[in-house]
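Working notes, beginning with the structure itself.
Labels run A, B and C following the written order; every chain starts at residue 1.
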Amino acid sequence: MKSFKRNSFFLFKKKISIDNLKSILKDHLIKIKLKDNFIIKEISSFNVFHDKSIIFIDGEKNIYNLDKMDICVITNNENNLKFDYPNIFLIKDLNECYNLTINSLFIHDDSPSYLDDFKLINGSHISKYSFIDSSSKIGRNCVIGRGVKIGKNCIIKDNVTIKNSIICSNVVICDNTTIGSTGFGFDFRKRGSLNLNPQIGIVFIDDNCHIGSSCTIDRGKIDCTYIGKNCMIDNLVHIAHNVILNDNACIAAQTGISGSVKIGSNVTIGGQSGLAGHINIGNNVIIAAKSGVTKNIKDNSTVAGFPAIDIKLWKKNIIRNKKNGY
Amino acid sequence: MKSFKRNSFFLFKKKISIDNLKSILKDHLIKIKLKDNFIIKEISSFNVFHDKSIIFIDGEKNIYNLDKMDICVITNNENNLKFDYPNIFLIKDLNECYNLTINSLFIHDDSPSYLDDFKLINGSHISKYSFIDSSSKIGRNCVIGRGVKIGKNCIIKDNVTIKNSIICSNVVICDNTTIGSTGFGFDFRKRGSLNLNPQIGIVFIDDNCHIGSSCTIDRGKIDCTYIGKNCMIDNLVHIAHNVILNDNACIAAQTGISGSVKIGSNVTIGGQSGLAGHINIGNNVIIAAKSGVTKNIKDNSTVAGFPAIDIKLWKKNIIRNKKNGY
Amino acid sequence: MKSFKRNSFFLFKKKISIDNLKSILKDHLIKIKLKDNFIIKEISSFNVFHDKSIIFIDGEKNIYNLDKMDICVITNNENNLKFDYPNIFLIKDLNECYNLTINSLFIHDDSPSYLDDFKLINGSHISKYSFIDSSSKIGRNCVIGRGVKIGKNCIIKDNVTIKNSIICSNVVICDNTTIGSTGFGFDFRKRGSLNLNPQIGIVFIDDNCHIGSSCTIDRGKIDCTYIGKNCMIDNLVHIAHNVILNDNACIAAQTGISGSVKIGSNVTIGGQSGLAGHINIGNNVIIAAKSGVTKNIKDNSTVAGFPAIDIKLWKKNIIRNKKNGY
């Protein structure tokens, strides 16, 4: 998991201590165990732990050594009370508490208070708080947001928006593409723009990637959406929040990858494929065009169809249908 | 059906009376019955009737009480002559007569005479004839067209174009999305940009909607394309002209909804689904990802597959195939 | 195949002779036969032959009369040595030699040295070296690149990027669409932005086409991507490099056409369809929505499903499943 300085992208609204948080969440609190009080500096996830942070835990989960840092667990599961967590809030509605907490702590681009400080440079709006290597080229009508880093020899074409993202070197991003937009995360039972989970992660695009036109790559909820080295992504591809796409992927046009999917190295995905959320795709996997992948796929597999199965079985089925006159 | 003032979006080219229309359509006229002559002020549809208007009727259809208003029926079906319509033009080619009439009456954004009167405000082109509440936030490189209304506390991100649309309150529209573009309507036998049916309806987006990046929501042909309250729409979603999407929908990425589809409340649609034109989807329906829905779906159903069927049958079929070694 | 002046779009980096090319490709050369030395002025393809040019030939192929012009064949297949080619380079890695040669010869928009000379006109960035008929209308936040020609009475809406393209008359291009972007071409075994095959062809859009919102039409690799007269293309459609789409096509939303597909006249393609690369679709073909077409389709056929088959068989299969309770 690539680390990043959250505060470069998302400014603090105000300083909030664990004690302050108690009153923010007061309508949802069931039980509290508190050893420390501290100013909240960060949000931890299961991937990255920060000192002076809070972590949201859905369901029962024992994370060891959390007592080595100032961390406060916020959870909806009372079984977590039995673990060795020094600070824990047992609350009713985890989703709503997440929204309340994050919206109290951070300014993000789905909150109306989001400030921009753009300069118009060569026809594009570039945040004063972005960092673009002078060897890189930004086209016209782009928007490069606060905190964005763009490394050496990148080519950002025209009408591209990049926000909440770190772009490494030799990356090409084609026209009308959106990087770092808001992930589609909310409680299904509470719809509406006001209930969207604030997304305070980023997109991290590693060296030598090629991203086509009119793609959308959403930023992570807390951590990164990660695009590995040498990834080749065609046009109109959607990559949702928290996706981890390892090196050397090749993804053909109009493919959609749902949230939190993990994809190994050297994967090839045909056009118009769809991957269901939260699944793992192994290394060297080939996914045929128009596949709908609903389950984990092992290393070195080739799959096709919907639901995607081994491509040999898929072809066998087609041949059988043909024999039967269909 | 939400009402709107058509003339705020589409200026009249010139004043045309029913008598004038006779000469505009003279090459197509078969028979005329005329009680009144009036200046045409509006276009009626089966959903909304206006005084001093014309209405296009394809096939046989008896609408009661049209004699209470000044309305002139333009139809290709002589059976309509038997009904109590005070004013009726029987014509040969309804599609061409629609094009001729509307293009004579209105200026729209597929006609080269379309005028824009934009001011450059904070990096976006805003029509002088749009109405944006001061609590709402418009990003950079946006285009907000004539007549557009944007209510309170909306967030319009960057590189968004909104034309011919009414946006209510607390609506978030993400980057590179196009709202109010031209519906894909024309006579299949007469292709080419010059034969496109002029689209003089709007998009109406109700309170608290979240629209993702690179979506396209086309305006209605005569009435509204409607997006109900609290709808959550992911990235790269296409919503065609005249679609009615009721409250609390959740639509995952890369889904496409064809023209004139009606969708009930609390509907959930998985990614990469497609809905065929002119069908009705009930309330509380769940459509699994990658479905192709070709028929009406009843309230409270869950469907999957293409053509979409009850998800239990769809799963049964998959299990059978697995048993058979496919 | 429509001809165009490549040099209007892609400037020469420097003058390179066949002798110079020998040293550029020296690490890959196996054998050389040279009758002529000349300055390379053009790149030939199997569709168009130019004097003073080079041509890349993958596999064995005998092209007659190449000795009538100054052409140098660059090939990875030694069988080509037996043909009557006056000038031939037998090389090891055709793909890498293509990249080396073209990147030495031309400046293109995936190379950081690409220069732009834009004027800001009415809110859009227009290359000084583009040619736009005064009867055509360009919206706001567009980018019109070097060499682009736009004929009479076109309507280019807002936030559109058009590069490396010739647009004829009466063409409408809707918002956020990208025309002439980079084709997705590279050696599958060598991924990464640095290994992308330079694309030095164009997009040619013929008279009276309507292109929807958020479409992507990639330019050809060496020749044109061609969109014939009167084509109607809906929103979010992807058309890859080298596609030939003949007159009067109607393509519904979210369809994807892979590279080098050839499509006859009067073809209708339903939404969310996908066409595999390098196939031929006949005249008057109808492809039902959500089809996945993997093979050539004969004139006057109607197909459906994935893999697409005759629609009657496809329907028979569905009816059979229904009878069996699925």
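What we mean here is this: contacts are C-beta pairs under 8 Å (C-beta built on N, C-alpha and C of every residue); 3 or more make two chains touch, one makes a residue touch a chain.
No experiment lies behind these values; they were computed from the predicted model shown.
Annotation: the chain A:chain B pair of sequence copies touches via predominantly different residues, less than half of the used numbers being shared. Its C-alpha atoms fitted onto chain C, chain B is found rotated by 120°, rounded in steps of 5.
Centre to centre, using the average C-alpha position, chain A and chain B are separated by 33 Å.
Chain contacts: chain C has residues 141, 159, 176, 214, 236, 254, 272 touching two or more partner chains.
Those residues of chain B that touch chain C in the shared complex are 109-110, 112, 114, 116, 118, 120, 125, 141, 143, 159, 161, 163, 176-178, 181-182, 184, 186, 188, 191-194, 196, 214-216, 218, 236, 238, 240, 254, 256, 258, 272, 274, 276, 292, 306-307, 309, 313-314, 316-317, 320. Partner chain B is touched in their complex by these residues of chain C: 123, 135-137, 139-141, 153, 155, 157-159, 170-172, 174-176, 207-210, 212-214, 229-232, 234-236, 248-250, 252-254, 268, 271-272, 289-290, 318, 321, 325-326.
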